[in-house]
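Heads up, the next two complexes both have chain A, just with different partners, chain B and then chain C.
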Partner chain A sequence: MATVTATAPGPHLRVRRWFAGFTSRETWAAFAFLSPWMFGFVVFTAGPMIASFILSFTDYSIIQTTHNVGTANYRTLYHDPDVRTSLRNTFIFTVLAVPAHVIVALGLAAALARVGRAASAFRTIFYLPTMTPAVAIGILYLLIFNGSYGILNRGLALVGISGPFWTTSPHWVKPGLVLMISVWAVGASVVIFLAALMGVPQHLYEAAEMDGASRWLRFRDVTLPMISPAIFFVVIINTIAGLQTFDQVYTAFFNASTPNGTDSSLMYAIYIFQQAFRFFKLGYASALSWVLFAIIAVITAIQIVVSRRYVYYEGQSK
Partner chain B sequence: MQGWRKSLAAVSALVALGVLAFAATLASAHTTAKSAGTLNIMGFGTGDDVAETRAAIATKAVGATVNRPSGSFDDQQFLAAVASGNAPDVVYLDRQKVGTYAAKGAFQPLTNCIKSQKINLKQYRIPALNEVTYKGKVYGIPEFYDVRTILVDNNVLDQAGVKLSGLDTSNWPRLLTTAKKLAKVQNGKVTRIGFDPKIPEFFPLWAKANGVDILSKDGLQPHLNDPRAIAALQYAVSLVNAQGGWDKFKAFRDTWDFFGSNNEIAADQVGAFPMEQWYYNVLAGSSPKVKITALQFRNKKRQPINYETGSAWAIPKGSKNPTAACTWMKAMTSTSTWLATAKNRAQIRKSKNQPYTGLSTGNAVADQAIYKQTYTSINPFFDQAVKKVLDVQRFSFNIPASPASAEFQKAWMDAANRVLAGQQTAKAALNQAQKEATRAINAARK
Partner chain C sequence: MSQASPVQAQGPAQPIPPAPPVAPQERRWRPSARPLTRALYFAFLAFCTVLFVYPFVWAVSASLKPREEVFDNRLIPKHFHPSNYLDVFRGVSDTIYKAQFGTWLWNSLWIAVLAAATVTISSALVAFGFAYFRFPLRNFLFACVLGTMMLPGVVTLVPTYLIWNKLHFTGPGTFLFLSRNQYPLWAPNLFGSAFYIFLLRQFFLGIPRDLFEASRMDGDNYWTMFWRIAAPLAKPAMIVTFVFEFKASWTELQKTLIYLRDDGAFTVPRGLKTLLDLYGPSAGGHGDYQVILAATVLATLPMIIVFFLGQRFFVEGIATQGRKG
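Right, the complex of A and B next:
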């Protein structure tokens, strides 16, 4: 009896198979239907990305003659103190915002999973703030987090806590922004987590309960592994969003009518915007953007590698 | 087999049609922009009666189709338009930006325009013209002229038993005492500001009061770490600190209903603060019964000073209709246009039973005519304020046109914010700002 060994096809074979697929009419049809998206991707995403990479080696300003400056932009940003400041702020914000967002969203989703029929109504209510324009969130932040007269500090005062000056104290600006931006927009993540929680097979809980597992153990050993792909997705998406934070912070601190931005509120994306569209250093801004892209790519790659150990996909071989 | 080929052909034809339609739209847009009888304006969308009355007059003078997309001037939008070869024919923007765009070669000098259209530059206010003049060439035509007086809430002064002389900005120790007397801090919260120095925005005014221009006349040498500028920032911050400190001060100021009927003057939430003249118009509409006084901002030598800013018209390089653009700028800022506009506004306000406080333009001749021919008494408080606004216009100074105006402004604003937040001393902050501004200007002038 012959033994059949399953081996993965080599790259050469894969390429041949890919081209062979074009003999099928379905392949042509699929590409035809994909072509509008592919056109958009090439023209509006890939093209500008390649262009910005080339521009990052120039002193491009749109309105003046462009010169090749080699790696000067990258060397400049290495020594630019504002790059360090804005990167530090952005990292601190992301490190605080992502866990806060996940914990709040997961907590709300877990609560919603228990309310039965009313869940859909609450789901809508929780999702509504996500629809708020980012600019409005920036303005609301100044009102809600006002150190003397804001709702938040008034609420804290009721329980005997003297709230900080969230919008002016350099130490409290970032925690305030984390609370506002990450928690305000938990709606989308709540919906994702709720769907994941609903998908956990009930018999797993029953088996765990029969084994005498406490509520915490059931959550830790059943719920968390089963919804880990959803958590992973939310973490990745929010990490990227955190590293690109712009609108709300710009509205609250760097707009012409609120020129009170300090070193503590300067986010990296705001710094890129200032360099590009206030100071017309589009070459330098391109270099800054590629550094951000590289940082996001590395962090995402690390998260993917780590996820292999902690994220459980049903049906996977290991 | 033939069926799928037909489907594929149909889809391909649709995609091709879409691409063709897209290209045709672009081509058509390009053709429209090129047509001789069109004037494309950026930064001057549909506005209030003052904007629309003048626009109607200027459109008639130009005799062409005028495109005015909505929205104010946006650097990002302007750069994108220039990059795509569709520069607008004329732009309306903040005067402080004109020098930077001129230095980068994005605007045309108006020498030919002024000569061919016989634009009388003498009618415009000199500080406003200075703001749009770079390396001896005029790059913009001034429009509005914002002046700053000290707006006083008489009620607050009466309640605290303080006289107007206590608000003399030439006497810093006395002003500090007055500010403390007028301010109210209750239960750890500021409930009334005595005197708001309006920093970071008005830092140039405080520096000038102490005898220093923060930028040289040629716009190339910052004087941010001049000891007098440092002392001015220290003093302005000390005013804030004496009235509860920046955290509480700003937290309270952020709650003001600035444009509403329960504004900070009507609600007696502030004793006095330097403010642009247009706010008298706001107060006249929202709370006409307030008892106010306008004072001149005085320097340490007791001379009146006024920090002026405003808007301007400029013609970008690549403008396809510079002749019409020049006609437009001339018509929009001429004495007759301003006067007709002011008369119309006075009429509109009268029909709505609302007070009218006049206009403050970059055209000195127009301002005199507007005041003489259109202003009618509102009440003694507003009458005094309007008169004071006209009076301070001759004591104006400006921040000169600079090749790096945005970076220069960011440098001093950031410095003031760092001092207010307690992160740096005035000396350290302005030393840093001086370095940043010098570096930016040197890089921009290359």
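Right, the complex of A and C next:
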């Protein structure tokens, strides 16, 4: 709302005007409206981030006096076998979960887009699992995927497949968890994909058809590029969530009598939680969380760079 | 003005902002040309529906069975045993532990309402600040908001705990009539939340500026402008925020594991986890899964009800999320 000058403002003038902005009444009114968030950002986000980084170089434990330990925490975690186990589990889970989630969500959304008005009824049903509390999902997982009396293996037996011991066999824990946590709770992504599919202009399909494009080509060259922003969004969100998987797995595998869970179900977020709130090694836990933060940041950055090539934004303005 | 926007259907006549960004724009269902292909899609979706709904049906059915028959694989229980639901509240007869499930339900309810109400109001205020005003650092600060949206929650877990610990909210006792341990579950919502700020800002940006200028002519100050013009018009987006946060709060487990000590202060998820550990065989219990499942149904049912009441808002909120790319 600054006054417009006739000549192009030089750098000096621009800086001065920028500072002058702080004296305007509007600016202070705006800051008043923003003040809840600014306070929260400093106290609950930026502050904790910095504190956590500093703590990661100490042996902070609430109970005992704190020492500066340099990079010892980071060296310890590099050699910690549980860190390796939990990172491996978390990666395997995420690598299985994200594609499974995206493919199932896309398949369901594509089918929904072709059944007319009934789509909204089906959409409601597919959304319901996402409303289920994570603890409930953990419990249902334990009971439904139980190798000897779970309903899943009973169902598989009906079609002549003898199902594995999902909850105890090390190779089958992650696929089972993926099915229950990621694939069953696919509803939100179905809604996103359906909205994206509905937004693809019909004339693009007509043009492609006129050019004699096959069904597959129409999907690959029209649908996929047009809904790529939605796919990108779902992939990013689910990757970040997958790397932090905690609630359902903790519910199913960790309790007072099996505090260490099982090797195949130890997720990285659970390991952080245990180090912090069971053993009160808060310094070590801070180092662990910064490693996870770095991993998530790198993976997200890679996804963003890759997406530059494949994600198509209409108008490409943003 | 036309009443086309379904979002504005209820309530007194208000000026309607043209095409609010949160309004659904998917009204063009494309039925498949051939009836046979359409029937095939229907069959496929019906099959998937069975797969998606079966866990619910199974849980409800098993929660009504006596203990020996929980895994008997019948859809309709051979013997109905609805007293499982009473056992959730009074405890299985031979265990000493009395689950305070009623208290947990009540705790979950008021914490969720408080969490949702505070985050809705605070996020709306902040969003209005970003949407209406022009001020230095605006883009930078908004980038910070978007940045926190991507931030993994795990990183701030430990230091946030330390803050609450320093403020003496991790020990026993009460503060302003409420258990101290429950404050960390909702009080941070007083300061807004990135995703909701983003969502509400988009909505406020869709309100024509003329409305605000007119209200300024009437002598309104910024606060009354927000309260009288912006907030009522943004009601749909605020309901989206409310139902999303209500669900998030009701289903939260990790924070309750960190902060809640005394079982009288538990929320439903934390209590459900306690019941599972208590009655599950791995913890030395008898495997009273019929009670655990009854509690699971009780924990899930409110969410199902909330979803059916606010379905439109959930779908809008989610669809907006995907569209922001």
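Note that in this section the second predicted complex is superposed on the first by the 280 of 318 C-alpha atoms of A that agree within 3 Å, B and C clash if a C-alpha of one lies under 4 Å from a C-alpha of the other, contacts with A are read in each partner's own complex, and residues count from 1 in each chain.
Quick note on the criterion: a contact is a pair of C-beta atoms (placed from the backbone, for glycine too) under 8 Å apart; a residue touches a chain by one contact, two chains touch by 3 or more.
Fair warning: this is a prediction, and the values are worked out from it, not measured in the lab.
Visitor: Clash or fit: how do chain B and chain C relate after the overlay on chain A?
Guide: After superposition on chain A, chain B vs chain C: clash.
Visitor: Applying the document's definition of touch, where does A:Phe277 land relative to chain B and chain C: first, second, both, or neither?
Guide: both
Visitor: Could you look at A:Tyr149 and tell me whether it touches chain B, chain C, both or neither (first, second, both, neither)?
Guide: Both partners, chain B and chain C.
Visitor: For A:Ala118, select first, second, both or neither according to whether it touches chain B, chain C, the two together, or no partner.
Guide: second
Visitor: Regarding the shared-chain residue A:Gly261, is it in contact with chain B (first), chain C (second), both, or neither?
Guide: A:Gly261: touches chain B, not chain C.
Visitor: For chain A, which side has the bigger count of touched residues, chain B or chain C?
Guide: C
Visitor: Identify the partner contact of A:Ser214: answer first if only chain B is touched, second if only chain C is, both if each is, neither if none is.
Guide: In the superposition, A:Ser214 touches no partner, neither chain B nor chain C.
Visitor: Which partner does A:Pro36 reach: the first (chain B), the second (chain C), both, or neither?
Guide: Touch status of A:Pro36: both partners.
Visitor: If we overlay the two complexes on their shared chain A, which of chain B and chain C does A:Ser169 touch? Say first, second, both or neither.
Guide: In the superposition, A:Ser169 touches chain B alone.
Visitor: So, does A:Ser61 touch the first partner chain B, the second partner chain C, both, or neither?
Guide: First partner only, chain B.
Visitor: Pick out the stretch of chain B that clashes with chain C after the overlay, from 57-65, 75-83 or 417-425.
Guide: 75-83
Visitor: Overlap of the chain B and chain C footprints on chain A, residue-wise?
Guide: On chain A, the overlap between the chain B and chain C contacts is residues 29, 32-33, 36, 39, 62, 142-143, 146, 149-150, 276-277, 282.
Visitor: Looking at the complex, which residues from chain A come into contact with chain C?
Guide: For this pair, the touching residues of chain A are 1, 18-19, 21-22, 24, 26-27, 29-34, 36-41, 43-45, 47-49, 51-52, 55, 62, 108, 111-119, 122-129, 131-136, 138-140, 142-144, 146, 149-151, 154, 184, 188, 191-196, 198-199, 202, 229-230, 232-234, 240, 243-244, 246-247, 250-251, 255-258, 269, 272-273, 276-277, 282, 285-286, 289-290, 292-293, 296, 300, 311, 313, 318.
Visitor: So in the complex, which bits of chain A are touching chain B?
Guide: The contact residues of chain A facing chain B are 25, 28-29, 32-33, 35-36, 39, 61-64, 142-143, 146-150, 165, 167-170, 259-264, 274, 276-280, 282.
Visitor: Contact residues on chain B for chain A in the complex?
Guide: Touch list, chain B to chain A: 1, 4-5, 7-8, 11-12, 15, 18-19, 75-76, 79, 82-83, 100-101, 104-106, 188-190, 200-201, 246-248, 250-252, 254-255, 317, 404, 406-407, 410, 413-414, 417-418, 420-423, 440.
Visitor: Per the contact definition, I'd like the list of chain C residues that touch chain A in the complex.
Guide: Interface residues on the chain C side: 24-26, 28-32, 37-38, 41-42, 44-45, 48-49, 52-56, 58-59, 62, 71, 73, 122-123, 125-126, 128-130, 132-136, 138, 141, 144-145, 148, 150-163, 165, 188, 190-192, 197, 222, 226, 247, 250-251, 253-254, 257-258, 268-269, 272-273, 276-277, 280, 282-284, 289, 292-293, 296, 299-300, 303-304, 306-307, 311, 314-315, 318-319, 321-325.
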